[in-house]
Amino acid sequence: MSDPIFEHRFRVALHDTDAAGVLFFAHLLRHAHDAYEAWMAQLGFPLDAMLRDGGLRLPLVHAEADYRRPLRHGDAVTVRLGVAGVGGSAFTVAYRFLDAQGELAASARTVHVGVDANGHRTLPDALRRAVQPPQTRLA
Amino acid sequence: MSDPIFEHRFRVALHDTDAAGVLFFAHLLRHAHDAYEAWMAQLGFPLDAMLRDGGLRLPLVHAEADYRRPLRHGDAVTVRLGVAGVGGSAFTVAYRFLDAQGELAASARTVHVGVDANGHRTLPDALRRAVQPPQTRLA
Amino acid sequence: MSDPIFEHRFRVALHDTDAAGVLFFAHLLRHAHDAYEAWMAQLGFPLDAMLRDGGLRLPLVHAEADYRRPLRHGDAVTVRLGVAGVGGSAFTVAYRFLDAQGELAASARTVHVGVDANGHRTLPDALRRAVQPPQTRLA
Amino acid sequence: MSDPIFEHRFRVALHDTDAAGVLFFAHLLRHAHDAYEAWMAQLGFPLDAMLRDGGLRLPLVHAEADYRRPLRHGDAVTVRLGVAGVGGSAFTVAYRFLDAQGELAASARTVHVGVDANGHRTLPDALRRAVQPPQTRLA
């Protein structure tokens, strides 16, 4: 994974868990997307405004997650987001989910493809530069 | 509640439950809406087509639910849907959630208001007649 | 509603919205529960620890919501939580959802009943005092 | 992918979609899990009973999905489930999501590991045979 460039925090809510007492796996990807939305807004590409404008869309074409340690109701989780790759009209975002002890509980990736209003695949330069900053790194 | 006029069935999935081992309360309303969608489609007013057409919308202005018995993972649930009232540009749908033994586990109501493409409240006659059938009753 | 005694903030995420472009109604109650969880933790009654201890449970027996203005993707929402009533073994929590302009977008209530490990209804004094602080009264 | 051995159908509900008008990606995995639950129940390994018994658990350690065509509100979807591999104490379930025209809209995989009540990894023979029926093989 790339160096993390953005952090997002959440607490595992009751509705995140299931009768097995742990975070239901698909909800991890919901939280990943929350981190992605917050990051994109910080980059100057808020998804809500982009959707309303009807210009560039960024459909998600792939998602994956690995689950190492259960996340339980009430757990404080830190999501460390980084860019794992940019190529063609697509970019890959990587997520590491750390528990309160800093242990890796899960990781995930999502792949997003730029599509313009005419349905053509494209990743505008401004967005390409934004998702792949040359120097900005978390310590 | 009115006489039930439509039945919808579901099984409580793992993701419906929470760490307390029972259906998370807000998910009951998700299932109520599934029943409502299926009923509206049967009436000839499929919500998906209505949304795409951009004509009449039916925003939900009120929802409520009472929880009597816990619904658990794997439980087979029958939703009995009826119309509790039609008035002005609104109608109220009532739901009874029965467990596999036929016991009432929960009940709910949703209130929907018709709004046309210009933002005016209205309930077209065809829909008014559809949601309030004079004779159609489940045995 | 009582005077608000707790605030919880969230931003309407993409997954909160539906094809109608607004927050799906049942998700409002998920956010209400997030506010309730955060408030209970602040009161010293974290729901996660209570569930793990297997002592007092607080099943939700009623929920309701009124929707006045649509909440859209990206909207910053403030939830103002207050206690609308405490009686017998139950208490009622009220929620006001304000948009970024401070306008009331929705309101909700949830009713919780205390149940001890033996299944008896009870609201321990410490919790009763906590949910009904001396200076916060119904209007 | 293996030959499909189980089919599960659903209709894309309003709450499955987001403001972009299509199924929110993480919900695809919720539907995959519904298919998995229904299949396991048919095999004689209902997850709800297994969870209640507190014996064998089958935590999900990996999930992935590829999205080819958008699924929209109201779309009738068929999930074709197959077993993509069984090895050690784990098995991989593959899912193909077909739209009403039979076109592949998405695919997914989930990997499940057997864990006994003592926390040891194991896949009991009965379950191993069940998930890998003699006549269903990888191509």
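In order of appearance the chains are A, B, C and D, and numbering begins at 1 in each one.
Rule of thumb we're sticking to: contacts are C-beta pairs under 8 Å (C-beta built on N, C-alpha and C of every residue); 3 or more make two chains touch, one makes a residue touch a chain.
Not measured: the values here are computed from a predicted model.
Among the remaining chains, C is positioned farthest from subunit D, on the basis of C-alpha centroids. Remark: rotation between subunit C and subunit D after Cα superposition is 180° (nearest 5). Looking at which positions face the partner, subunit A and subunit B present mostly the same ones, since more than half of the interface numbers are shared.
Centre-to-centre separation of subunit A and subunit B, using mean CA positions: 34 Å.
Here the spacing of subunit B and subunit D, counted between their Cα centres, is 28 Å. Within subunit B, the positions touching two or more other chains are listed as 14-15, 19-20, 22, 26-27, 30, 33, 48, 51, 72-73. On subunit D, the positions that touch subunit B within their shared complex are 11-15, 30, 33-34, 37-38, 41, 46-49, 51-52, 72-74.
Looking at the complex, you find that subunit C touches subunit D at residues 14-15, 17-22, 24, 26-27, 72-73. Subunit A meets subunit D in the complex at residues 19-20, 22, 25-27, 29-30, 33, 48, 51, 57, 59-68, 70, 110.
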